[in-house]
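Dropping the structure in here first, questions after.
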C-alpha cells in the first residue's frame, strides 16, 4: 500500500507535484521562512544553514503568460517568463525572499524586474563568474561569502561553519537518494518511468531538504517493492536541455512509445549527480561544486588540450550517461531565447551523433499549446531509421 | 456653415464622417475591398449624399488609415493614433485608456483627458492578434459578423484552439463544427484568445479608468465581455465604435479650419 | 499463399489520399479533406477498394498517416507523414537524398538514407511557409490553385510581398492588384516569399542532391521553379506528388508484414470495419 | 548552391557633423586593415567591445577584428540575411543574438569555402589567430559565441576574461566588495597578457601599456566633455550621428587616432554652438535615446525624427565612458596599468549607484535617465527593443515603469525590431509609430 509507507511514496509526490508549493504554504503558517530561488546554481546549502527553507520557483506550462508581459519583455526565456508570471499572479505569496544566481542572460537581465516587482523583504543576486580557473574560483568564494553575510544579516544570526557543514551533509544525502533513484532507470524496461521521476524531482524542489530526503526514501522503497511493472518499449531516450519543470513533455515522449531513462536537465542529473566535497572551509567545497562540478552551458570551461579533448571535457558526461543508461536516442530540448544552450546546439548534436546516437533537436516555447506540434516530431524521430 | 470631413480607409472597412460646428452631420461605413481609391470615393460620396452635400462644400478633409494615401482629394493625412484620441475624447471625455480593435492591429492608447494620447502600444504583425481574426472565423462559420457577438454569449462549453495561427484556426474551426462543436462555443474560444492578447497589451500600458473600446471589434459584444472579464473592469462602448477614428479625423479637420488652415 | 494487399491512408489537412497496392499500385483516390469530408476517410477508402475490386477483408494491412492519422479507427497502425513520405520517395525515386514536402498545414524537409528517413525539419506553426499560404492568397486573387503556377511563369517584374502573415499577404496582393500590378508579377512574388521560407528551413538539413518535391505544393510549377532557383539545381517530382505519403504508408505496411513474417510473429490488426474518423482527440 | 543575391546598397545618410561623416571611411579602413595586417604577419584576434582589453591588445600589436561591428556593417549594408540564414541552417536558433548569428554564419561559410564568401561586405571577416571572449554581466554571447565558432575553427584558441562588476543591491554597498572584484579582474587580465605572450611570442611592453592607459583616460575625459556639449540648444549633434561617432570610443581606444578624432569632434561641436548651428534649426522636441542598440539598417529613422522637429541630444547607448575625474576615487594614483584598467571598469559600472541610493526605489539605470532628462532638457524617451539581444533590451519596460514611479511620467516610445535582422523591420509601420509619438509629445507639451 503506497499510502502506508512513511515519508510517502509516489502518492505524496503526486500531491506535492499537483499543488506545487502546498507544503511551503503550510510551513509558512507554522512560522517558517521561505526563500525562493531560480536555477540549480543557487547554493541552497547556505539558505538551509541560515535556517530558511529553500524553495525553487517553477513556472506553469498550462497557464498562458499574461501578467509577466506587462513588466517584462517577451524576448526572455519563456520558462523564466512563466516563473515570473506565476510569482506575479500570487502563486508564491508565501516567499520571504528571493535569491537569483548569475546563470544566463534571461535570469541575469530580469533580476531587477523580479526584485522590484515582487518587492520581497529579501533579495540577493549571486554574481557567479563564468570561468572555472583558479582566479574565478577564488572570486566565487568571495561572492559566496558576500551572500553568506547578507543572508545572515537578514536572518539576524551568524551562519556558522558548523551549520553549513550540517546543511551540506543533508543536501548531499538528498543527492545520494536521487542517485539511487537514477540507478533504477538503468534496468530495461526501467523500474521507474521518466514521468514519475520528473514528478519526484519537481516535488523535491518544493520541500525542506529533510522532508525531501524522507520522501525520496519512500519513493525508492515503493519502486523497488513494486518490481518490474513496465512493459518493454522500443526506444530508450535521454533528454538534454536546460530546464524542464513539468511532466508534459516527458509524458509526450513516453506516450509515443519510448522510455525516458536518462537526462542532462535541471532539475535532474545536472542538479543532483554532483555532491559537495567536505572541506575545512565549507565555502570552498561549495564553490568547487557549483563552479566546476556542475557542467552547464552557463559556465565557461577553459580549453585545455586539443578540440576533441575540449568537447570531451564539456560533453563527456553526456556521452557516459548514454553508455551507462543504455540510451539509444537523444532529444535535445531547448527553449527559444536560451543563450547558454542555444549556442551549443551544433556542438552537442555533432558530439553525440559522432558517438552513433541520433539526436532530435527541438526548440520550444514552454506552453502546452505546442504539444501537438511536438508529437509528430517525436513520433517521426522514433520512426527514423537507426543503423 | 463650415463642413469638414474625416476619412478613415481601414484595412477592413472604410469610414467617412462629415461634421459641422463640432456635430456629426452624416457618416458611412463600407467594406474596403481591394481598391482603396475607389472605396474612398464611394464612402465619401455616400456620406455626402446623406448629408445632402457635395465635395466642394467640404472645407477641409483629413484622411487616415491603411489606405490614407489613396484619398486623392484629402487636404492632409494624419496619424491614426492622434485621431483616435480625439474621437474618443469627443465621445467620452473621461476616458483615460482606449482600446481600438481594428482589422490589422489592435491599439491601446493612454489618454490625457484633453483629447491627446500620451502613450500607446500596437499589436504584432500577426492576424491572430487583430480584428481580422474575427472576420476569418465568422466567414468559415458562415455567420454574419454582426451576429457573432450575441451568439458567442450563449456559449456553455468554450472550445479552445489548438493553434495560434488565424489561418489554421480557420480550418480547425471548420473541423470542430464538423465534429459537432457548437458555433457559439468556438466563437467563445476565439474571443478568449483575442481577449487574452488584448488584455496583456492593456496591462502593459497600465489601465486607468475610464476605459473605452472602439474600432470594428468593439461591435462584437462577446469580445467586449471577454475583455471586461479579463481586465475586471467595465468598458465604455460608443454606439458606433467603428467610426471613432474617422470622427477624430473630422475633428482635426475642424481644428485646422478654426486655425485658418 | 494468397496475394497480399496493402492500403495507405493519408488524411492531410487539405486532401485525403488513399492507395491500395500489392506489387504495384492497384487503385488510388484523392479527395478533399474539406470540412464536411473530414470524417469521411472511410468513404475514400471504400472508393479505392471498389476501384481495386477488393473487399476490405482482403486488405492485409492498413497504415494511416497525415495530420488526421491519429483517429483512423480502421487502420492497423499510425505512422507519421515524415516516415511515409520518405518511404514513398525512396520507392518512387531511389536516387533522392532530400525530400521537400509542401502540404496544406505544414511543410517539411526530410533527409533520406537507404530509402528511409534519417533526419527532418518541419514548420507547422504559422501558415506562412505552407501550402495554405498559396491557397489563401489565390482565393484573394480569385485565381484557382491550378492556375497559380502557370501564371507565375509569365511574370516579368516580380513584386515583393512585404507581409509575412498569410492573412495580411492576401490583403496586400488584392491591393496590389487594384493598383494595377500585373497578376503574374504578384503571383511570382508570392511564390518567392514562400520559397524563401521553405528553403531557409530545409537548409538546416544540409541539402544533398537529388532533391524531390512532394505534397500538393509540388503540383505548382511556379513554386517548383522558385525553389529550384534557390537551390541552384533542378528537383525531381513524382508523377502524382500528392500520393507520395499514401504510397509510403502502404509500403511501410508491407514492410511491417514482411518483418513479422520473417520473425514468425503474428500481427495485431484492427477490425475490418469502416468507421468515421475525427481529427481531434 | 546559389545564395540570395546581394541587395543594392542604400544611398548615404545625411549626418549633421563632419565627424560622423568621417566614420564610414575610418570603419572601412579598420576592417580592411585587418586583412592587410594579417598579410604582413601580424596576429589577428576576434574581439568584443567593452572587454577592457583595448590597451592590452594595442600594446601587444594584436590586430582586433571586432566581430560585433562586422555583423553591424553587414546589417547596415542590408546584407546580413544570407549569413543569418546560414547560421539558422546550422541549427542556431533565430532568437539568439543576431550579431553572433551573422558572425557564425559568416565563419561557417568562410571555413567551408576556404575563402571569403562571395561579395563579402568590405572584404570580409578575417580568420583570426585567436579569439578573446569575456565572462561578465553584459551578455552570454560574449563567451558562448566564440566557443560556438570553434565548431568551424577548432584550431583557434580562446581566452575568456572574467570581468564582473558589483551589482546594485540593497543589502550591501559596492564599496564592500569592490576590492575583490578588482583583484579578480587584475588576475584575469594578467592571464590574458600571458596568453597573448604565448601566442605571439612577444613580451608585453609594460611601459607602452601604461602610456596607452593614460591615453585612454585622457580620451574618456575628452569624449565626456565633447558629448556634454550637446546639451546646447539647439543641440549640435544627435544620436543618429552618435551612432557613428561611437566608433572610435569602442573600436579605437588606446590609439592616438582615437584621441585625435574626439579632439576634432570637440572643436567642431564648439564651433557649431558658437554659430548656433543645430541638427535642425527649429527644435520642437528633445529626446533621449534611452536604451537599446539601433537597427543598423534603419539609421535613417533618426533623420525622420529630425524631419518632425525632434532631436536626440543624448543617448544611453554606447556612452561607454564617464569623466574619469568624476569618479569617487583618484584613478591617477593607480599606476599599475592592469589595476588601473580594473578600477576604471568597476568605477564605470558603479558610477550611478550612489545617486540611486539617495532616491528610494530607484536604480542606477533609472538615475542615469533622470540625470539626462534634466541636464539635456528632455521631452521624451525613445527606446528600441531588439528581439535578439537580451543584454541591452530586457528591462526597458521596467525602467520606464520605475522612472514613472520614482520620478515622473514622461512620454515614451519603444520601437521593436532588431539590430541586424531586417526581416523584423517595417518602415511604414515604424514611421507610423513615430508619427503617433510626435503627436503625443505635442499633446504633453501643449499642456
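Chains here go by letter, A, B, C and D, matching the order in which they are written, and residues are numbered from 1 within each.
In the analysis below, a residue touches a chain if its C-beta (ideal position, glycine included) is under 8 Å from a C-beta of that chain, and two chains touch if they have at least 3 such contacts.
Just so it is clear, the model here is predicted, and its values are computed rather than measured.
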Exercise. Decide which interface, C-D or B-D, involves more C-beta pairs in contact, and give its chain pair.
Key: B-D
Quiz item: Just curious, how far off is subunit D from subunit B if you go by their C-alpha centres, in Å?
Solution: 41
Quiz item: Using mean CA coordinates as chain centres, what's the subunit A-subunit B distance in Å?
Solution: 47
Exercise. Could you put a whole-Å number on the gap between the CA centroids of subunit A and subunit D?
Key: 35
Quiz item: Which positions in subunit A touch two or more other chains at once?
Solution: 70-71
Exercise. Would you give the residues of subunit D that are in contact with at least 2 other chains, written as numbers and ranges?
Key: 90-91, 397, 401, 426
Quiz item: Which residues does subunit C have that touch at least 2 chains other than itself?
Solution: 125, 164
Self-check item: Chain contact topology (line, ring, star, complete or other)
Solution: complete
Quiz item: What residues of subunit D sit close enough to touch subunit C in their complex?
Solution: 1-2, 4, 85, 88-91, 423, 426
Quiz item: What does subunit C use to touch subunit D in their complex?
Solution: 162, 164, 196, 200, 203-204, 206-207, 229-232
Exercise. Write out the stretch or stretches of subunit B touching subunit C in their complex.
Key: 11, 33-38, 67, 104, 125-127, 132, 136, 140, 162, 164-168, 171, 174-179
Exercise. Mind listing the subunit B positions that touch subunit D in their complex?
Key: 79-82, 85, 112, 114-120, 122, 125, 204, 206
Quiz item: Which residues of subunit B touch subunit A in the complex?
Solution: 162-164, 196, 199-200, 203-204, 206
